[in-house]
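Down below is the structure, laid out as structure tokens.
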Amino acid sequence: MLLFFTFRIKINFYNFVTLIYLEMNYIKKHTIDELADLAISIRKDVVRALKVAGSGHLGGSLGLADVFTVLYFNRMRHNPDNPAWPDRDRLILSIGHVAPVFYTALAHAGYFPIDELQTLRKLGSRLQGHPGRDHHLPGIELSAGSLGQGLSVAVGMALAAKMDNADWKVYTIHGDGELQEGSIWEAAMSAAHHKLDSLIALVDSNKVQIDGRVSDVMEIEPLAEKWRSFGWAVFECDGNSIGGLVETYQKAEKISGKPSVIIAHTLMGKGVKSIEGDYRWHGRAPNAKESEDFIREIEG
Amino acid sequence: MLLFFTFRIKINFYNFVTLIYLEMNYIKKHTIDELADLAISIRKDVVRALKVAGSGHLGGSLGLADVFTVLYFNRMRHNPDNPAWPDRDRLILSIGHVAPVFYTALAHAGYFPIDELQTLRKLGSRLQGHPGRDHHLPGIELSAGSLGQGLSVAVGMALAAKMDNADWKVYTIHGDGELQEGSIWEAAMSAAHHKLDSLIALVDSNKVQIDGRVSDVMEIEPLAEKWRSFGWAVFECDGNSIGGLVETYQKAEKISGKPSVIIAHTLMGKGVKSIEGDYRWHGRAPNAKESEDFIREIEG
Amino acid sequence: MEIYLDKGNKSTKSGFGEGVLEAGRKNKNVVGIGADITTSVGMNLFADIFPERFVSLGIAEQNCVGVAAGLALSGKVPVFSTYGVFAALRATDQIRISLCYNDVHVVIGGAHAGISVGPDGATHQALEDIAMMRVLPNMTVISPCDATQAKIATERAILELNGPVYIRFGREAVPDFTDNDQDFKIGKGQLLADGTDVTIAATGHMVWEALEACRLLKEENISARVINIHTIKPIDEEIILKAAKETGAIVTAEEHQIYGGFGSAVAEVLVKNNPVPMEFVGMPDCFGESGKPEELMQKYGLIAINIVDKVKQVMKRK
Amino acid sequence: MEIYLDKGNKSTKSGFGEGVLEAGRKNKNVVGIGADITTSVGMNLFADIFPERFVSLGIAEQNCVGVAAGLALSGKVPVFSTYGVFAALRATDQIRISLCYNDVHVVIGGAHAGISVGPDGATHQALEDIAMMRVLPNMTVISPCDATQAKIATERAILELNGPVYIRFGREAVPDFTDNDQDFKIGKGQLLADGTDVTIAATGHMVWEALEACRLLKEENISARVINIHTIKPIDEEIILKAAKETGAIVTAEEHQIYGGFGSAVAEVLVKNNPVPMEFVGMPDCFGESGKPEELMQKYGLIAINIVDKVKQVMKRK
């Protein structure tokens, strides 16, 4: 069974040589430049989808475009033709509000037609405002939208993999504001206690949340120290650098005996200079005019 | 009003000279030896009360007898004749299960007759299994029994004092197992964010909880690092040493600009050698025979 | 009470926000607590004018509730608001123990009540909060019908009540039809339209739908009484029992799950005193989804014609 | 069904523990989750025999629920148990989203249900959990009447159901009176005693009190039907409506708040279908306190004679 699926992913997605490299985990199918181009396409589609939706979260979605590109096109073992492949790596999006970039990455990876992004947030759409498994969009592991729950779910998954001696990994994505939730620290403590080295978390450290700067709303620094004191291996990188992310993930994946977290320094709204770093774009969608401008800015 | 009350506490409890010292915060009414004797009396009354009750938490209560003695007879500014004195220091017991030692300390301090300890856990008693303000026992600031809530309440109190420019302090008592609750870390983060230096927490670090050793159930170490990374001033001491506690509290009270926590290393069941450190006494009450033996052991 | 058809639309959220501000003006002990969605729940009005009495606690609902208890125990009158799903569900044990068991006066605002929250979808639509809050001893549960009433209710709850209070309100602009000088008493329902054939007992946004239904029914010569039960706990047994006696059948309407919610509270009153046939308009025990507010209200059977249908059903059972 | 009067006493908790163990024996994917009160909730039986399938997570109920969701999404069948107050209230948002909205099969055991918890007092007595859990979509809520039934219910819930399940059980040893081979179906009530004048619908520990009440009533020539509603959600409308029709009056009995709980669920069924007079035996919207279990049951009106009184009241209203 396992072999069968592994074989399928080979056929579908990679030529043989690439796959071997992939499994040895130091060369990827796409070059860094290709990944960067992909991230640009994703950003543009995020803007388009949000414009049509008329509401939704642009800022965080743009900031995370590089992370999603790296995960779905470089790091994760997955098969869009078989989303339920038991040996796939899992992506747990703990901050459901950045659904737009998540959906767009899934569409670009081949989980469903890119056109479907236009149905975002509409009645009957598989693309709910926050990911909802009840709507059966392929590629969604978890219905989410209430902050601070994803890390616990990921711990449960990593525990299951460990019990089953399986080698798939669990990648999670968190907001920096989200780390104010105590449930995150419960989960963090338990991941270290159970030595879950298949768990790799990423914090979207954009330094802002809805009410303003994280340091004004509720300071979370010194963040690396916090994670370290909770027993995690801590990495930091520029979360808007494809190369930096690839390298950092590679390091994190090698850690054994403890979970890893990557503090990824990003910019809310990254790619659209005129809104970069502006917390007021946390939960806004662009209108028609803005959408055109933003796409132009993204194209650079 | 304030002056009036301050005057009352002087008259009732201290001679004039002692009070001046007290307010300057470096000499206390009781000598260390007297405090140690008091702690012994309290331990014996805890055993007696639990025997009559037939259920309740002996281990943690004995382990914390020294801490309660130091707080109520050395550190805290309070007036048993006027429990609602607005300028009193507040004691927030976050681990309601050690109610027996809390009640015993209150009784010894003069809040209610020591005899009333015999009503512990009985129908109609003011001494509920876990502290309940609805039963109007003088000296109880907070109904508690669900772990992990007290630190938040203390933060609220310290914020109120700050808004009012009042100089009273808030002392809290936590279990080490209790620190597994995420709500504790939410509260810790907020206390540092708001620079609540009137807040002094103490962790009853007895290394055990109901299911066994904390390190087996859910490791919380490195604990000092955790608190430090959450922005607190951290102190450690022998929580069964009266002198050590007094000194450490004195240091903590001087900290400004951030909250303090004392990691007090204690022994569950302290004073009764035959049960010291045994987690099975977390939630047990002694029978008649055990009670006699334990009191004898406490007397030494 | 005067009902205005021309005052336009306004969100109950903004009524809440104005109520907090007004209470803050009248009592300097009022303190606001923010959990990172200050504007989205209407608390920005208070926070902007009284920054020194506004405490930002970030995304940490459990801590917010505990801190509120501590403030209340120290003489403050804390108001904490966030989305109803998180206000009522993320800190439920804290609400039970630190607030209700300690019986401290804290006002919790539950924003984004109901399915009319719209495109954010299931996770953000508070549809279980009434049930969760009304089962807690010492808790008062209020669900105002429009912005004007939300403002009055909020101000009164903060300034005049004791103990913990939960007030729920919505996000969308809805008809603002009640009178500024209305006779509003916490715990007392309001008769909005008299009628003899049936009673529609509604709460929150559904009161407007009930009035619409009443108009539609009149065209069919059905005389429907409309009562606004803005206080779900303690519930006004008197007005409900009078309606049961005089009209012999009741339809309840709420933007909330049918199980355990407002309708359920009415059912409790009826079976204990005067069991008459009843029908429920509410969420049929399922999660919501994304969509426009009006689309969702329609899809899940929460508009006037659904009330009309249930009225006809219940009248057959009289 | 056979009712045994001589099997002695046993806690529903131990039935739960045995049920988990048995399910674990039959399905190797069953995983236990402990929150530091493993023995106190009966899970030690499973943990001792299957240590490699028992995950200790410490005092962190929110994390326990999330981890359970993750395990379930990865093919495991997690069982998480702690005191009902914390199981149902400390992680309510996690239960709503990570469990119910994701519709994963996780079994939550709510221990220390009811006031019979005794001397630990108000904070530890779960009296609101039924209301909290039954309002959540996709949730099944079970409240077995004795140890034998608790064991059967737990095993079935783990092995045969889908989606999230909440099972509540008590701490005290209570009469263990049901049959090992009983006809037990989740979602179907049980007729324990036939009768024509009135129906006592009871759940959990109160079923025994209902049988006692039935005996006392017989002495006064009142023929009371007793039905055991062990599944509160989905509720067995059929057995309730049959009872309403045939006996014309219902008294519900539960160790839980009256508002929003089991009685409330029965009231919902009645007013929608066949409104008959009803009375509630349950906690009168207040917190419990310390005392011996039997003292508390008496003080708060939760014993057989209280049911008898309510039966007489309700019969006057027929």
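Remarks
Chains here go by letter, A, B, C and D, matching the order in which they are written, and residues are numbered from 1 within each.
The rule we apply is simple: a contact is a pair of C-beta atoms (placed from the backbone, for glycine too) under 8 Å apart; a residue touches a chain by one contact, two chains touch by 3 or more.
None of the values given here were measured: they were computed from a predicted structure.
Each step here moves to a touching chain, and the least such steps from subunit A to subunit B number 1.
Look at the CA centroids: the one farthest from the centroid of subunit C belongs to B.
Put simply, the C-alpha centre of subunit B and that of subunit C have 41 angstrom between them.
Note: centroid distance subunit B to subunit D, computed from Cα atoms, is 37 Å.
Each of the following residues of subunit D touches two or more other chains: 57-58, 60, 62-63, 85-86, 90, 93, 96-97, 101, 122-123, 287. Looking at subunit B, residues 132, 134, 143-146, 148, 180-183, 186, 189-190, 193, 218 sit in touch with two or more other chains.
Taken chain by chain, the contacts link every pair, so each chain touches all the others.
Residues 53-56, 96, 121-125, 128-130, 132, 134-135, 143-148, 177-178, 180-182, 209-211, 216-218, 283 of subunit B are the ones touching subunit D in the complex.
By the touch criterion given at the top, residues 31, 52-53, 55, 57-58, 60, 62-63, 65-76, 78, 93-94, 96-98, 101-103 of subunit C touch subunit B in their complex.
Here subunit B touches subunit A in the complex through residues 180-186, 189-190, 192-193, 218-220, 222, 225-226, 228-231, going by the rule given at the top. Residues of subunit A that touch subunit D in their complex: 86, 132-134, 141-146, 148-161, 163-164, 182-183, 186-187, 189-190, 193-194. If you check the complex, the residues on subunit C that touch subunit D are 85-86, 88-90, 92-93, 96-97, 100-101, 122-123, 128, 131-132, 134-138, 233, 257-261, 263-265, 267-268, 270-272, 275-280, 285-287.
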